[in-house]
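Chain nomenclature is as follows: A, B, C and D, assigned in order of appearance, with residue numbering initiated at 1 for each chain independently.
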Amino acid sequence: MRIAMVGDVIGRPGRAAFAKYTAQLRKEKKVDIVVVNGENSAGGKGITRKALDELLHAGADVVTSGNHIWDKKDVLEFIDQEPFLIRPANYPEGAPGKGWCIYPWRAKNIGVMNLSGRAFMPPMDCPFQKVEDILREMKDKCDILLLDFHAETTSEKMAMGWYLDGRVNAVVGTHTHIQTADERVLPNGTAYITDLGMVGPWDSVLGVKNDIILQKFTTGMPVRFELAGGPNVYSAVILDIDESTNKTTGIERIMIKE
Amino acid sequence: MRIAMVGDVIGRPGRAAFAKYTAQLRKEKKVDIVVVNGENSAGGKGITRKALDELLHAGADVVTSGNHIWDKKDVLEFIDQEPFLIRPANYPEGAPGKGWCIYPWRAKNIGVMNLSGRAFMPPMDCPFQKVEDILREMKDKCDILLLDFHAETTSEKMAMGWYLDGRVNAVVGTHTHIQTADERVLPNGTAYITDLGMVGPWDSVLGVKNDIILQKFTTGMPVRFELAGGPNVYSAVILDIDESTNKTTGIERIMIKE
Amino acid sequence: MRIAMVGDVIGRPGRAAFAKYTAQLRKEKKVDIVVVNGENSAGGKGITRKALDELLHAGADVVTSGNHIWDKKDVLEFIDQEPFLIRPANYPEGAPGKGWCIYPWRAKNIGVMNLSGRAFMPPMDCPFQKVEDILREMKDKCDILLLDFHAETTSEKMAMGWYLDGRVNAVVGTHTHIQTADERVLPNGTAYITDLGMVGPWDSVLGVKNDIILQKFTTGMPVRFELAGGPNVYSAVILDIDESTNKTTGIERIMIKE
Amino acid sequence: MRIAMVGDVIGRPGRAAFAKYTAQLRKEKKVDIVVVNGENSAGGKGITRKALDELLHAGADVVTSGNHIWDKKDVLEFIDQEPFLIRPANYPEGAPGKGWCIYPWRAKNIGVMNLSGRAFMPPMDCPFQKVEDILREMKDKCDILLLDFHAETTSEKMAMGWYLDGRVNAVVGTHTHIQTADERVLPNGTAYITDLGMVGPWDSVLGVKNDIILQKFTTGMPVRFELAGGPNVYSAVILDIDESTNKTTGIERIMIKE
């Protein structure tokens, strides 16, 4: 079986690119299941009913997220009802939503987890401790286990990869919006990439118009973010999983530039 | 002409890999000039006389650096005498060393600049302002201009790429030790990559032994860094520059895994 | 002569308390000049025409500020016209407003400077370097020199106190909204306090309703700030300056609780 | 009964001042119990056998700490054996040492807790959640409850004060080394101060020589910390607790300058 894990989708242009190229991957690359990070899918910050529905209709099976999950208040109205929308599991107990879900596919149960890093990010519960708690609960219920680790630093993400090597099928990073070139299957069988990258405007700073970000950096004054236009990039990986053993056998990096 | 820009070299294993594959690139890829980041070349932190000499003998023409430049006190004894060792230019006025240098190659003057980012990094002078000062001084003296922008976040690095697009031959990021997959020539002719990656132990967390970093993340207690062993990665880009126009015509990403 | 330096005024309740107790201090403590930090004077974030006018009518002679200066867009319409409203001088060249001003009082010129720290704060130009530039320009024009150093950490503020000891009449910290108890005249004659504290709701977290801040800390989710009500605190220092020598002879800490 | 809570003791000069003025307070202010923060008691960073013994012999009943607790490796040899030495309770499960202890005094059990903040500090478990866990365990065993909350920002400390108001006898902040002037008994009976301040060299930056810290701030280069000499400050609060009701009836701020 083949699973695509797709990076942060940025607003309307990102959603359009997601729809177009996900369909293409499903067809040309025989992708069976699609997991995508939707934390920026509504206007570049947060997720709305409309954005989520578009992602799901465009072929997303599971939607993960990150620090921007609460940016649109709207999300509080549906996050608890959506079975396949998850947010970092290491928010405090009692936060709305859930940090993992199980997606059934044919005879397989695909467990998808979402965690946030802590280096240069807001305080959260320890992701290393939390993943142990989750695995204890999920392990016996799942055939396949995937983690979207939403984190800033390469070191925390790489550390998580090694920490889980051999215990899950894949650890993929998100949040920096730039794809890294270090995809590989680690020695004990876990597929890993430091960051998937994003789906959205390619001639931009992480999706936002260049001149706005430059104004922020050069003046130190607040700016109003506005998404860039122009051609998009679509960033993802495709995992190959052996259906008889449930082992990961390969990871292919995908970067489509319009 | 072809210029290789090589990522952070990590200690002894990194220096060995740098020597081996730089020689190979010079030969097989017809590389003329080599710029390499040496901030971690001595034991993983800082640079010493011995580490610098090894880099130079192994084919480095210019050695750039970053926040680890002062980690070995030794450096203060030679940084002011070394014409082709530079450190971030946005340290305060009066800091030892220099932030840019001009390397003569045949009839060409190759200007190499080094700057540090500020997002999630120690306070520094503004890199956007500083690069203007430097360019004012260098522009007329140089045929080719290269920047090693040593920074943590993808947004600050991408912003610098757009800021200088059309004004320099290349902006390459360093510091995160993981190569990004976004190399390209920007619309106005500046070659860009968010991070070159590193040269050093591949089965590691940024060069350091996995279990040490995991101990740090899981216990919150101080650890003693120790470099990993095993196979190395060599991460770089090769720039193609048209000698008649001094324009960048291409950027090729290099990632050699042993 | 006696100069009051007053901490961050918080919104409407802060402005009311500022008016009431500044009048009282002028009368009972024979205060001649009042400098106050207005960065939170409009609704707790930023400053507006209305808030500034209220501060000035209530007896402020000079209004300083800090990182919240741009929070209300309104400020851009008047900051360049207001002679006695200043913002941190270490914003990049070209930022609206100015970082210091000279307030004439009888035969004296009172120079007031405003700088921002960098530890745990947004990137800025070096405040230590910047204050040298300012002093070079102001020194000969002023009889008295005062600095509002808007910074997070005790170490950066204390360092600035020592740095300027003997060169200015006072270095007072702002930004943390809690008054420190370390006021003193340093050995070479500069009056110093790490933080003046604030003027605003006392049963609050830095002016904001307790339960809102607790919600933020315990859930990690975004909250909508709302100012607290109830009794106010008025936090300031009064400097004694010898008019014949222009030397600071004393610093008195003021903390009025309703 | 009267309990003194004393701020971070800085190295040898701090220990000497602690010994001298603690004896004085016990006598002149009728202090019964002394809690002191020892995280900087050995050479300014960490704690050793010798430093701990000196504190205990000088009258400390309970020694709390903070982020510097592990700085001297030595501590790992005795922290598990020392009944009245505690470290922040929100280190991960399994860390050496303990986060709270019960000190018996006459018929009373005095529970002392230690927690670390997270704003601008290394990642830790949530202190608000953790204090609930601790209170569940301690509440029925203790007559008196005290918390040393070792944190950077005024907002996180003030928030903890309100969070625990009415549930513990005192919440005192440490870590910034500068005493705040906001001591009070909160409406529901919890004594509170944002920071106790330190015990150590007064003409210094948080205990360290001025010129060393200024060199760090002005050059951005690493420095070797060295403690300052000269007169000391002794910073503390004294709590009044009614022995019949176990309620806090007062808090007095103590700042002795030599």
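Here, a residue touches a chain if its C-beta (ideal position, glycine included) is under 8 Å from a C-beta of that chain, and two chains touch if they have at least 3 such contacts.
All values reported here derive from a predicted model rather than from experimental measurement.
A.B. asks: Taking a step as a move to a touching chain, how many steps at least join subunit A to subunit D?
C.D. replies: The fewest touching-chain steps linking subunit A to subunit D number 1.
A.B. asks: Name whichever of B-C and B-D has more C-beta pairs touching across its two chains.
C.D. replies: If we tally the contacting C-beta pairs, B-D comes out ahead.
A.B. asks: Quick check: how many Å separate the C-alpha centres of subunit C and subunit D?
C.D. replies: Computed from C-alpha means, the inter-chain centre distance equals 30 Å.
A.B. asks: Measuring centre to centre with CA averages, how many angstrom lie between subunit B and subunit C?
C.D. replies: Those two chain centres are 42 Å apart.
A.B. asks: Can you list every residue of subunit A that touches 2 or more other chains, as numbers and ranges?
C.D. replies: Residues 92, 123-124, 126, 129, 218 of subunit A each touch two or more of the other chains.
A.B. asks: List the residues on subunit C that touch subunit B in their complex, please.
C.D. replies: 92-93, 118-119, 123-126, 129
A.B. asks: Note which residues of subunit C are touching subunit A in the complex, please.
C.D. replies: Interface residues on subunit C, with respect to subunit A: 70-71, 91-92, 94-96, 122-124, 218-222.
A.B. asks: Inside the complex, what are the residues of subunit B that reach subunit A?
C.D. replies: My answer: residues 120, 126, 128-129, 152-156, 158-159, 162-163, 176-182, 187, 194-195, 197, 203, 205-206, 210, 213-214, 217-218, 253, 255.
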